[in-house]
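Heads up, the next two complexes both have subunit A, just with different partners, subunit B and then subunit C.
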Partner chain A sequence: MLASVASAVLQGIDGHHVRVEVHVAGGLPAFTVVGLPDASCRESRDRVRAAVLSAGFRFPPERVTVNLAPTNLRKHGPVLDLPIALALLVASGQLDHESVAGAAFLGELGLDGSVRRIVGALPLAEVLADRPLVVPLDDLDEVRLVVPAARGAASLRALVESLRGTSPWPEPDPEPRRGRVTAGPGWSPDLADVHGHPIGRLAVEVAAAGGHHLLLVGPPGAGKTMLAERLPGILPDLSESQALEVARVRSAAGAEVGPGEHPRGLHRRPPFRSPHHTASVVALVGGGSRVLRPGEISLATGGVLFLDELGEFPAAHLDALRQPLESGVVDVVRAAVSARLPARFLLVGATNPCPCGFAPAPRCRCGPAQLQRYSRRLSGPVLDRFDLRVRLDSPDPASLFGGQGGAESSAGVQRRVAAARERATSRGVPANRALRGAALETHAPLTDEAVRLLRDRLGRGRLTVRGSQRLRAVALTLLDLSGAEAPIGADDLLVAECLRAQDALPGGPA
Partner chain B sequence: MTPLPHEAHLAAMAGLDLVGPATLQRLAALGEPGATWERLRTGRLPVSVCAARSEPPRAQLDRWVAQARTIDPVEVWDRLRRAGVGVVSLGGPGYPEALRSDPDPPVLLFTLGDPATLDQPCVAVVGTRRATAYGRGVAHDLGRDLAAHGICVVSGLALGIDAAAHAGACQGGAGPAAVVGAGPDRPCPRPNLPLARRVATLGLLCSELPPGVGAQPWRFPVRNRIVAGLARVVVVVESAATGGSMSTVEHAVLRDRTVLAVPGPVDAPTSAGCNSLLAEGAVVCSGVDDVLVALGGTPGAAAPRPDHRVAPTGAAAVVLDALGWRPESVEYLVTVSGLPLRSLVGELERLERAGWVVRRDGFVERLGTSGRAVDLGVIP
Partner chain C sequence: MVAYDSARLGRHGEDRVARWYEERGYRVLERNWRCDLGELDLILARGDDVVVCEVKTRSTTRFGHPLEAVGPDKQRRLRALAARWREGAPFRPNSLRIDVAAVLGGRITVVEHAC
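This part shows the complex of A and B:
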């Protein structure tokens, strides 16, 4: 007559408990779903009916009412197909109540009764970890990262047999499925491929070590994208909790999570995301009218968000990034729902110096007004977020083919970066970028000569007070990388200044 | 009450819609401006004064009639006087000698500053707005040295070479003159406005357009004929193969003026125009002496400016050698000089302070002579 089964739905990147109640009683045959289902969830009725019949069960010719509790939470997606079907079988007396009692189920049904993959299996499984859990067999690898005891189901028929104890629980194919052998989210090409670019390489290293956002300015073909792509490869491995967060976001976004480099482990390599400049604000920041999906900035959490052709991004999109850049989270709020999504990413922007791409004169073909217009595309507050602004030049042809010996590989750089990050951690911040005001005074003292240099720059208007602070933080990262101790000397500041070129964009503020 | 000068009527006509330099010439040719104004106001002008436009001539005349009824030449004149704008007309007193015999003289010149500035021998220093540090430096020094020799430097107050030449000429000696392509109240791009004020104070700022007229692309080539007409010698410092400076050269050749060009790197687009001028027979300009010779004077009147910079040694000399004479990125310098970045940036800092190099747009550029580093900071 009445049966209920535990399940969960996704909101942002968090799972929320849902109790699926099914009532079967006399009356005109009908099948209704109540409890704030959205259109995709209401479609469950047709899938469940077909799947139940295909699996060789009887669909009760009575009045079937499905209630999804709590009724104030909006439910969406097909994840409740399987729990509805099981509760229906119990309510119609085709399955023992005991076999589903206390257990939770997640899964989408096909019309043939098969159980299909769902979006967000990992965060959904997390909230149901305290009870026996059955998920689609295809999601089992992912779910077992957080709930090792979870069981898989390939079809409704097989699941019922396993629940009755008449057949064993299926195990996923130990061989990685086709498509899973591709590079995972953390794969990154090696820095050894980059020839020349002494400053570009250093900038990438400093960005990785100090968490400083990086703006690469250079002509087409200078290697901006090449350098940016190699940045995740020199970041240290993610910690357990960071890796879990990355997996949670990826799962909620419907991306591949899968086991990482180690069997049964999470991906430990930082992600790399590079959305095209035509991406919408919602695609970047996350959101949606009812279903709150994580955006690119959340998918890049713990890793690198690369915005190529930064100047082509609409100003509103870039301004939307400013708050998450500061706080590391983004609160997506809609009339009906809200969610807090992680957004701790390292921002790398790339842009040409001018419309023709070859500034300065004599190679540049742009007029002064064009240059000014172009430089205005990036607002001051956005530019201000970049601790590192590097002007790249087309590499010297000699360095491309000349036998200079191989450039240093990512592994070597990564060791220095990890050591530098450790020093930053000892200062009580995740990376030097987070050092402000008083903390800088304590941890980044200056020599007299360095103070004179800063005074000179401030006096000539070549540096703002804020800029001088960022310069100190970058210089401190340089010290960390070289293993040297504070105080910061004038030469360190000059190198930092070279990595934080005020005039990286021509026509911009001097 | 003193009778209204006929420049007042011409100025009123110049302020009408659809009246450009050429139409004003046709209006002026009709006779006494006061009478022409009266005919214009009452719609009794011949159709032939109208420019060929999409608008039929009759409609243009009607538009003038309607507009002229709202304009009082007395008021126009008062407003000009109050703004300190002088007006000289072709054939009138104060009109520049050099333009009297010009094939295409401006009917009116609206002036700010001292019209007598143009009594000095005039040399036009022109060039591209997309100037390199090299071009700006040469233009600046040329302007400074010409002014010191009592020569009026004529240019257009545009960004780049024009501004550098004016800035140099404002450092003493003869006053500079600027011929601008818009009304004298809005003479140039905003960054150059302080420079425009200095030019008007020290010398002359003039335009054939009345106050209130904004800059439009077609006005600049038309303006260039006045620059060429005023100057006895035209120096092109840096110019692409096509562009405003080349139109000045065409006007100069038409008027039989001597054209000098400053040579530049053969592979630099910004010097392509200059180099082709040299190939066509323009005189090489490597400094103020060449211009003095072209003016018929004697070179070497002034002592060469001593270079007070301390010659770099050691690593600094290596950096300077690696730099060469074109803008290079710091990345390039690291690769070529073989110095570690840390010492390279230190050397660059010292070289910049000593006036050997200048950093701009993320690139480093070598400076030819001393004394520019400070000034170049403010030259747009």
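This part shows the complex of A and C:
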């Protein structure tokens, strides 16, 4: 008469336990779902009914009440179809209580009784890892990354037979399915393709090593996008916990999760996201009125967020990035739901120096008013987040056709980056950008000459106090990359200053 | 022919349900009581306790279980019909209950207090 099974629903990128209770009792036939289901969840009734009949079971001509506990948590989506159907079979005496006792189920049902893929299988499975778990067969590879003992179900009928022990549990097709043979979230082209651009290459390397946000300014076709796309390729592999976080976000966003490069392993390459400038704030930051979906900044966590044509992004969108850039998380709050999503990404912006794209003067056709308006598009606080600002001109033609094997490959650069990151880890931070105040004094001491240089810049108003700290952090990253030891000399600061050039900014003198 | 068959099937079902109630000490007050709102299949009484019964008869479940044919609209109509019958009742019932009876392949299912 009464049966209940365990399941879970997604909120943001986290799974939450849900107990599905089904009560079947005398009365005129009715099928009601209570416990704060939203419209998509209430539709389960019709799918479950059709699936139960298609699978060859009886739908009880009685009063069926489904309760989804806890009743204060809003449930959405079709993931509870399968647990509702199983509890219904138990409550109507068509399946032994013992065969589902203690187990948890996740899955959407088709009208034909098939069990379909769900969104967020990985984070949902994580909260149910402490018990026997059954998920859609198509999600089993993904779920086994976190719950190796999970079972798969292809259809309601077959699942019931497996639960009764009359047929074996199905295993996923060992051949990768069509459309799933992807390069993964972090595939990146090689730096060896980039000829010329010594400053650009250095900037990309420093950005990767120190976690410094990077702004590339240059005319169209100079190679800004080309360089940015190669940045994830020189970042070190993600750690287990970072890879898991990336997988969690991707799963909750309905994207391909894995297994990754290693058999039965997570994708270890850092993600690269480049949303177009017409993206909405919600698409960038995450949100939605009822169902919270992770945005681009969360999908870029652990990797690179590339904003091409930075000046074309509405100011409100860029300002929305400021808080996540500082804290590494974004709290998305709506009237009905709220969630904390990760947002630790390396920001790379690209922009033209002026509306026509070809500043400075001889080639530039823009008037002074146009230039001024263009420079105002990027607010001071946003520009201040970029530790590295580099002017990228079309490369010297000689370097383009210089011959064979001129440019270093990503693999070589990656080794230096990994070594630099290790040094940062020994200082207690993931990358030098995170060094602040006292930690900077300890780990980035200056020579007397360097102190004099900083005093001079501060005194002439060419640097803010915060700017001087960023400069020190970048200089420390330069030392790390060359394998040298602190203290930081004046030369190092001058190189860092070149990489943080004020005059590279759009609308400024170039 | 079809209409005739289904009418005969319905009448047969009502006979069976009437007998089911009689075996339990009820007497039939009315069969197919009509008014401008519609029709009540069976009105039964045991002492002063009155039962209004809607009978649904099916030979197969091809179009669903007979009980499922009594949806919210039909339930509302049954309540209105029962109230209308009570207005002109020959005596004042002690209680009035609405049941729905299903006859499916010779099996009778009665849902008491259906609405």
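In the analysis below, the second predicted complex is superposed on the first by the 503 of 510 C-alpha atoms of A that agree within 3 Å, B and C clash if a C-alpha of one lies under 4 Å from a C-alpha of the other, contacts with A are read in each partner's own complex, and residues count from 1 in each chain.
Quick note on the criterion: a residue touches a chain if its C-beta (ideal position, glycine included) is under 8 Å from a C-beta of that chain, and two chains touch if they have at least 3 such contacts.
All values reported here derive from a predicted model rather than from experimental measurement.
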### Task
State whether A:Pro61 touches subunit B only (first), subunit C only (second), both chains, or neither.
second
### Message
For A:Arg363, using the defined touch cut-off, is the partner it touches subunit B, subunit C, both, or neither? Pick first, second, both or neither.
### Response
first
### Query
With the two structures laid over each other on chain A, which partner does A:Gly26 touch: subunit B (first), subunit C (second), both, or neither?
second
### Message
Comparing subunit B against subunit C, which has contacts with more of the residues in subunit A?
### Response
B
### Message
For A:Ile199 in the superposed arrangement: first (subunit B), second (subunit C), both or neither?
### Response
first
### Task
Would you tell me which residues of subunit A are touching subunit C in their complex?
26-29, 61
## Note on the structure
subunit C residues touching subunit A in their complex are 65, 67-68, 70, 75, 100, 102, 109, 111, 114-115
### Query
For subunit B, which residues count as touching subunit A in their complex?
129-132, 135, 159-160, 189, 264-265, 268-271, 326-332, 334-336, 341-343, 345-346, 348-349, 359-363, 380
### Task
Within their complex, state which residues of subunit A touch subunit B.
196-200, 202, 217, 353, 359-369, 391-393, 396, 399, 490-492, 494-495, 497-498, 501, 503-506
